[in-house]
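So that you can tell them apart, the chains are marked A, B, C, D, E and F in the order they are listed, and the count of residues begins at 1 in each.
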């Protein structure tokens, strides 16, 4: 009964891409650890780029620099 | 000083229902473990049905099947 | 299919007390929001008192003051 | 490679204030534990006041009482 | 710069299996969303079976029933 | 009433260093956002190096390469 929480920046992931993350995470836990898909949960959190920092700066600022 | 995080799908929980979850979670920790309500935190996260998967599919897809 | 994460300090909660938290959290989500117990997950994290802070001090230090 | 998750109520924190939280959290981990800023992540979650409870009541209700 | 948190019950996952979860989660985010592996974090939490509940009972109890 | 969760690898942080993380996180939220220290929680999770991955490999493996 695993629980997977995927956090990504909110930058336009489509419902199809999110469905693919759910499908593959569930499959991964079944193949690697034999976990039952019926009780595997996946939650995707999409985080505003102002609210995600790396190397001391927000992703909003980092995206502008590139 | 417990911390309770409740994650549910975003499907119309009312402020009254959320207040009830907060009230009962706090009371549960007081009754079961003697925790002080004054320092008990509860956070409710409401997750889009596209972003929650179970059994390898999103809740959006699962709801349509039923 | 809710997910409840309860975080408490590691100070001797018994398996019976933890089972009671699991039972009551699941019942709460069924009664307040009509959620299906079969797909309700509860995870309890027990945190070392050195690793939990409130009001700027660790619980280890706060417990000694009392 | 630390990960810092800051959860605050959604009550108008500005991008500048959030950038300051990111900057200072990263600096703190470098100064206290020698962690590399390049692989330090900070995520800020802003939570609706209806969804945050303390002492058994939502912050929405607590704010009205004051 | 995604962050993946995988929570499983503590029932003997080997370092090799955990390395495989890390490898595949990172690859999944690269293939599905084009995320850079260099800044993809994966954290695996192994939870005691007394501390994980499903359907209102701890996994410890559920395992005994089967 | 902020909540800060700091996740680091389990590599010997001392109680004094963890107390310093608690003290500084609390002070940061007071100075940047005016939050009340009395209701600021900090939880530090120390994660086994086998259970933390970056760039597709566990920290255990990465440490050996250096």
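The criterion applied here is as follows: contacts are C-beta pairs under 8 Å (C-beta built on N, C-alpha and C of every residue); 3 or more make two chains touch, one makes a residue touch a chain.
Bear in mind that the values here come from a model prediction, so they are computed numbers and not experimental data.
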TODO: Mind listing the chains that sit against chain A and also against chain C?
DONE: B, E
Task: Least hop count linking chain E to chain F through chains in contact - done: 1
Task: Proportion of interface numbers common to chain C and chain E (over half same, under half different) - done: different
Open item on the list: When contacts are scored as defined above, which chain pair ends up with more C-beta pairs, B-F or A-B?
Closed with: A-B
Task: Remotest chain, chain D as reference, centres from CA atoms - done: E
Task: Intercentroid distance (Cα basis), chain C paired with chain B, Å - done: 13
Open item on the list: Quick check: how many Å separate the C-alpha centres of chain D and chain E?
Closed with: 25
TODO: Measure off the straight-line distance from the CA centroid of chain B to the CA centroid of chain E, and report it in whole Å.
DONE: 21
Task: Multi-partner residues of chain A (each touching 2 or more other chains) - done: 1, 3, 7, 21, 25, 39, 41, 43, 52, 54
Task: Touch relationships between chains, expressed as pairs - done: A-B, A-C, A-D, A-E, B-C, B-D, B-F, C-E, C-F, D-E, D-F, E-F
Open item on the list: So in the complex, the part of chain F that touches chain E is made up of which residues?
Closed with: 7, 47, 50-58, 60-61
- [ ] Using the touch definition up top, name the residues of chain A that touch chain E in the complex.
- [x] 1-9, 13, 17, 20-21, 24-25, 28-29, 32-33, 35, 39, 52, 54, 59
Open item on the list: Which stretch or stretches of chain A touch chain C in the complex?
Closed with: 1, 3, 39, 41, 43
TODO: Write out the stretch or stretches of chain A touching chain B in their complex.
DONE: 15, 18-19, 21-23, 25-27, 37-46
